[in-house]
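So, here come the structures, one by one.
One chain, chain A, links the two complexes that follow: it is found with chain B in the first and with chain C in the second.
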Partner chain A sequence: MLIYALVAGVLFGLYFSLVGIGLNLVFGVMRIVNLAHGDFLMLGAFVAFGIVTLAGIDPLFAVPLAFVVFLLVGVLLYWVLVPRLQGSVNPEMLSIILFFGLSQVIEAITTIFSGTSERSIQSRLLGTVFSTIKVKLFGGKPGPAGPVHIFGQGFPAPWVIAAGTSLLAIALVYVYLYRTRMGTLTRAVMSRRDEALATGIDVDRISAAAFGIGLGLAAVAGVFAPFMFGSVTPAFGADATVTSFAIVVLGSLGNPLGTALGGVVYGVCYMMVQTYLSSWADLLPYVLLIFILLLRPSGLLGRRVRVA
Partner chain B sequence: MLKVTGAILAAGLAIATQAMAADAPAEIKVGTLYASSGRYASISMPVYNGLKLWADQKNAEGGVYVKAFDKKIPLKLVSYDDQSNTATAATLYNQLVTQDKVDLLVADSGSVLTAPAVTIARDRKMFLFDQTGTGASFFAKDNPYIALMADPASTVWPKPVADFLIHDGPALGIKKIALLYSTNEFTGTQANAFRQFIKDSGAPIEIVYDQGVPTETTNYTVIINNIANTEPDAVIHFGYAPNDIAFLRNVQDVGTKFNMLFCIYAGLETELLEKNVGAKGLEHVFTYVPPSEAEYPVNFGMNMKEYRAAWNKAYPDGKVEFGFNAVAGYTTGLIVEKTLAVATSLDQLELRRANFSLSGELKTLDGTYALDETGGQIGELTPLGQLELNEHDSDHVKFVSIYPHETATGKPVYPRP
Partner chain C sequence: MPSSLKHLLFMVVPLVVIFAVLPGVYQNHLLLFNFVIFLILAQGVNIIYGFTGYLPFGYVGFFGAGAYGFAIMVMQYQTPAVLAVIVAGLVGVALGLLLTPLLRLSGAYFAIANLAASLAVLHFVANPALESVTRGPYGVALSGTFDPNMAYAAAVVVMALTLVFVVFLKNSRFGLALQAVREDSVSASMAGVDVVRMRVIAWLASALVAGLAGGVYAWYVSVFYPDNVFSGDFSIFAIVFALFGGVATITGPIIGVIMLYGIYNLIGFTAPQYFQLIYGLLIMGLVLFLPAGLVSLATRRGWHVP
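Moving on to the complex of A and B:
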């Protein structure tokens, strides 16, 4: 039971790293709180529904599509909303109100078009591209992938695919931040926005890119939401935002890579609580939030954000 | 003298009739809530749409007959969106009573969103038409302000599945049971009742796993592994529709096979579950047989076939699924209509008297409307069934009624292949 809970926790937690990383990137660069983060995640799930319903192909193809679409949406939204917000007296507080409103609008519009019922995608459809490649290379018959066995125990294949995608996304965020010129500039803005502005960095361009990437990552996480949470409704966003915040604060607010650690810690703790104290599992995000704020307010990787 | 007396009587009658007509309201205000978003939207919207369908139908006919005024009066459905939030629901129930001054108060769907209404109705002395809030704590001998319209009390629901396990289980080899439930009034009460039925029976059955999880749980992989470690012969899961979707999907995903698997909403909202879990994932699952699968003889309102046709016509976009809850909303409407046709005034205790007088007499598409002394529903029973793949359409499942034996249409498939 313990090993199963630990492995499940790591897989689940890696996925939650992906859920939170975009939110942290946006906060780190712009110091604004995107309360509509979970709603973009929900919209990512609807991209996956669209891919499966309209094209009838592996929902994995929704990953690049959702990322590109919401990258562009993010950049556009940035130019419409954020510069005005940054010019206000208290942008952090106003961002909470503004993005809460945006969250409500997104939920309402999605409800009008899709209804309120739960929606999901059959698990066997995720990753069919891999089995097709396998059949082409090694022969055999295509069929449902079934569970993935780790330490002799079965885990849902979508979890492993989601965890793998999360690792890839985290690695790409790392490469972007630490191996590209845009990333260096992004870190400069994260470190001292006013100084970055004074040195001639085009802060708005960097911020727009970060906002777009943040939303793109949320949408990618959303593609896997129907597999990780059973189903998705237009109201799914609010819960996802709360959990994202817990993970972001746990890792370190303003440090996107800290979110990776925060996600894994959250995932393992969640599975352990579900195993031994199942009735209390839903309190976990709040309990972790209180503990981390009391014991280490800067988060698990809090020191690094200042050095970055 | 006779002429004078006659004239006085006639004048008195005319004045009385005019007074009665003048007192008759222009509309009967029916206040209710619905959840267009949030966790309970999928059980609330079908109920609300069913109630609305009834109200629209009646208004198209000129209203409902109200005995208190001896005339047909149009209905006005005063409804607000509680967004699945109990605090919002409490505020809105109060608003319906104090601001809108509705004539009749109808609760939202499900025990969680009905709970605030029970307290408010009692405090404000309003008779609550409780649609599907089945929590055992709602019904007490000292609370005359509630009656359950469209499904049995939670304590009655699990009786068929418990009886099946007690009477047929040991012969089938069922000796160990795992019990998993969501910790809310509806499913928590069912779990308590089920546990008690098993314990009281003295049957050679042991509950080897007994855990509650938060209603918001959407991930059961670790729990399924924990249950599998106890090697149960049967797994009983009491949860809401999103819980059942996540649970059944996780069972499929981890490749665990339980010999017997029971879920509530596989039967109650089969269309929704088919869409989300797939017919294959529902195959051989035990569940309650809803009224939409039974053709109960009716003495009031549409029968199931007619109602289904009316529903499809009213809601052709299919955004809200037809199922148990869709039937419940329409059933509530029928009971409200019949209550108004019997009550001699709109006084809340008179509404109660009228409503209780229907017990055992009224037969709707939901079965026989019968109340116990506390207002709990005891007539619309839920037999135990099992879902099998439809041989003509493998994307859909069909019901096989298993227990009680008198109404059974087939034998259980056990163990699950």
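Moving on to the complex of A and C:
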């Protein structure tokens, strides 16, 4: 029971890190709060529905598609919204309201086109590409992938696949930030926006890229949402946003490794409460968020302190 | 004539009289009541956001706590409704006191923490484990105190008190000190302003207003579920109404409520998703093109707007 909760917590936690990492990037670079983050997650889930119903192939193929589509959407949205916002008196506050408006628009449009019903994907569809490759290479019979065994306990295969993809995505974000020129510039903008501007860095281009990547990562996380949460509705976005905030603040801002740690801590806490005190599990993200904000506003790995 | 008296005579008194008389002329009682509630909440947001710069994204937490304060007083102790409304206000203040540590956070951190706090209160109240106290997710029914006319009158009284407080803020040294803290807290504290005390008083005043509004609302509707009275729409509507008119003024939030909530009711509820779409676009346009609200159209030309 305890081992099951711990391992499930780590698997969910890795996935939660992927959920939060895009938000972290956007806030870290632009100092704006993307309150529509959860809605991009929801749209990512709809890309997966589209792939499954239209093409009938493994929803894993939705991962690159969702990333590229929402990378472009993000760059476009950046140029429409953000420069004008940054020119106002208090961009950080107004961004909350602006992106709340955006989340309403996204939710409304999705509802108009698809209705409010809950949607889910059969979990055995995820990862069929692996079993097909296995059959092609080694022979044997194609069949539904069974649960994956870790420490003698069985876990649904989609959990393990989602956790693996999340690990890969976090590693790629790390490589982008610390091993590429764009990443170095991005970190410069994160630490001091005005000084970066004074050194001649094209802050708008860097921010647009970060915004696009942030939305792309949210959409990738969304592809797995139907498997991790059971089903998805257009109204799913708002809860996902608050959860993402809890994870990002739990880790620390502008540090992808911090978000990975925050996600795992969150996931393990979530599974523990779910197992032992299930009726109070809904309270956890909110209470955890408030306590972390009050005790360590800079997060577990952070150094920067932000108090009034 | 001092300007505070002018504001009271020419803005607060007419508004209160209009809303006191309207039920005799206009049939849709519930609509008028909702107007009064949103006038109260928009001014409550004005007190905390307009004068101190803290964006209360979970403002509905106080409102819902007030509604449940009212319900518990009536259900468990059979108190008269007026007393229960006062207790509702005190519940709002108590929650505000509990959340004062949040004022240490700045900017977006405060807004998000406040949102999380309101959701935490919602999940606490709606928890099936507390069914004997709050009736959990099953909602409350208060048939004993049902009296829409008295509840409406109480709402108008709360609105009048709120407006008087905003007039006081607009015309007093206290309000001026608050705005100084909002602009630059370090300079303000060097000029001798007690920053922490000022903020806490404004915060508790705004919590009291929302708690009273919640109590009156519970009295009026008498049957509700946790999701009704903790609906995020209350926070969002109040913030958007206040912003649309223009915060840190007396008139701004009033104009915002009357125009936007009027439009809301004209569009109607037949197709909520189309309404949501229009509303979202309106919010985005507001932030991008008119971030200081409608009154900024006048102040830009150099006209003074109270």
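Criterion: the second predicted complex is superposed on the first by the 301 of 308 C-alpha atoms of A that agree within 3 Å, B and C clash if a C-alpha of one lies under 4 Å from a C-alpha of the other, contacts with A are read in each partner's own complex, and residues count from 1 in each chain.
In this text, contacts are C-beta pairs under 8 Å (C-beta built on N, C-alpha and C of every residue); 3 or more make two chains touch, one makes a residue touch a chain.
Computed from a predicted structure; not experimentally measured.
Student: Chain B versus chain C on the shared chain A, clash or fit?
Tutor: Chain B/chain C on chain A - steric clash.
Student: Just to be sure I read the superposition right, which of the two partners does A:Ile3 touch: chain B = first, chain C = second, or both, or neither?
Tutor: neither
Student: Please indicate which partner A:Thr111 is in contact with in the superposed arrangement: first for chain B, second for chain C, both, or neither.
Tutor: Both partners.
Student: Have a look at where A:Ala55 lands relative to chain B and chain C in the superposition and call it first, second, both or neither.
Tutor: neither
Student: Under the stated touch criterion, which partner chain does A:Ser279 make contact with: chain B (first), chain C (second), both, or neither?
Tutor: both
Student: One more residue to check, A:Ser120. First (chain B), second (chain C), both or neither?
Tutor: In the superposition, A:Ser120 contacts chain B only.
Student: Contacts for A:Phe100 in the overlay, against chain B (first) and chain C (second): which applies, first, second, both or neither?
Tutor: A:Phe100: touches chain C, not chain B.
Student: Between chain B (first) and chain C (second), which does A:Leu172 come into contact with in this model arrangement: first, second, both, or neither?
Tutor: After superposition on chain A, A:Leu172 lies in contact with neither partner.
Student: Check the residue A:Ala198 against both partner chains and state whether it touches chain B (first), chain C (second), both, or neither.
Tutor: neither
Student: Could you say whether A:Leu72 touches chain B, chain C, both of them, or neither, answering first, second, both or neither?
Tutor: neither
Student: So which chain B segment collides with chain C once the two are superposed: 19-27, 55-63, 91-99 or 253-261?
Tutor: 91-99
Student: Taking the two structures together, which residues of chain A meet both chain B and chain C?
Tutor: 107, 111, 279-280, 282
Student: Could you pull out which chain A residues touch chain C in their complex?
Tutor: 27, 33, 81, 84-85, 88-90, 92-98, 100-109, 111-112, 238, 242, 245-246, 249, 279-280, 282-283, 285-287, 289-290, 293-294, 297, 306-308
Student: Along chain A, where are the residues that touch chain B in the complex?
Tutor: Going through chain A, the ones touching chain B are 1, 4-5, 8, 12, 107, 111, 114-120, 122-123, 146-147, 153-159, 228-231, 233-235, 239, 271, 274-275, 278-282.
Student: Note which residues of chain C are touching chain A in the complex, please.
Tutor: Residues 53, 55, 57, 101-113, 115-117, 119-120, 123-124, 127-129, 185, 232, 236, 239-240, 243, 273-274, 276-277, 279-284, 286-288, 291-292.
Student: Which of the residues in chain B come into contact with chain A in the complex?
Tutor: Result: residues 35-39, 41-42, 45, 83-84, 183, 211-214, 216-219, 221-223, 225-226, 229, 241-242, 245-247, 249-250, 252-256, 272, 275-278, 317, 319-321 of chain B touch chain A.
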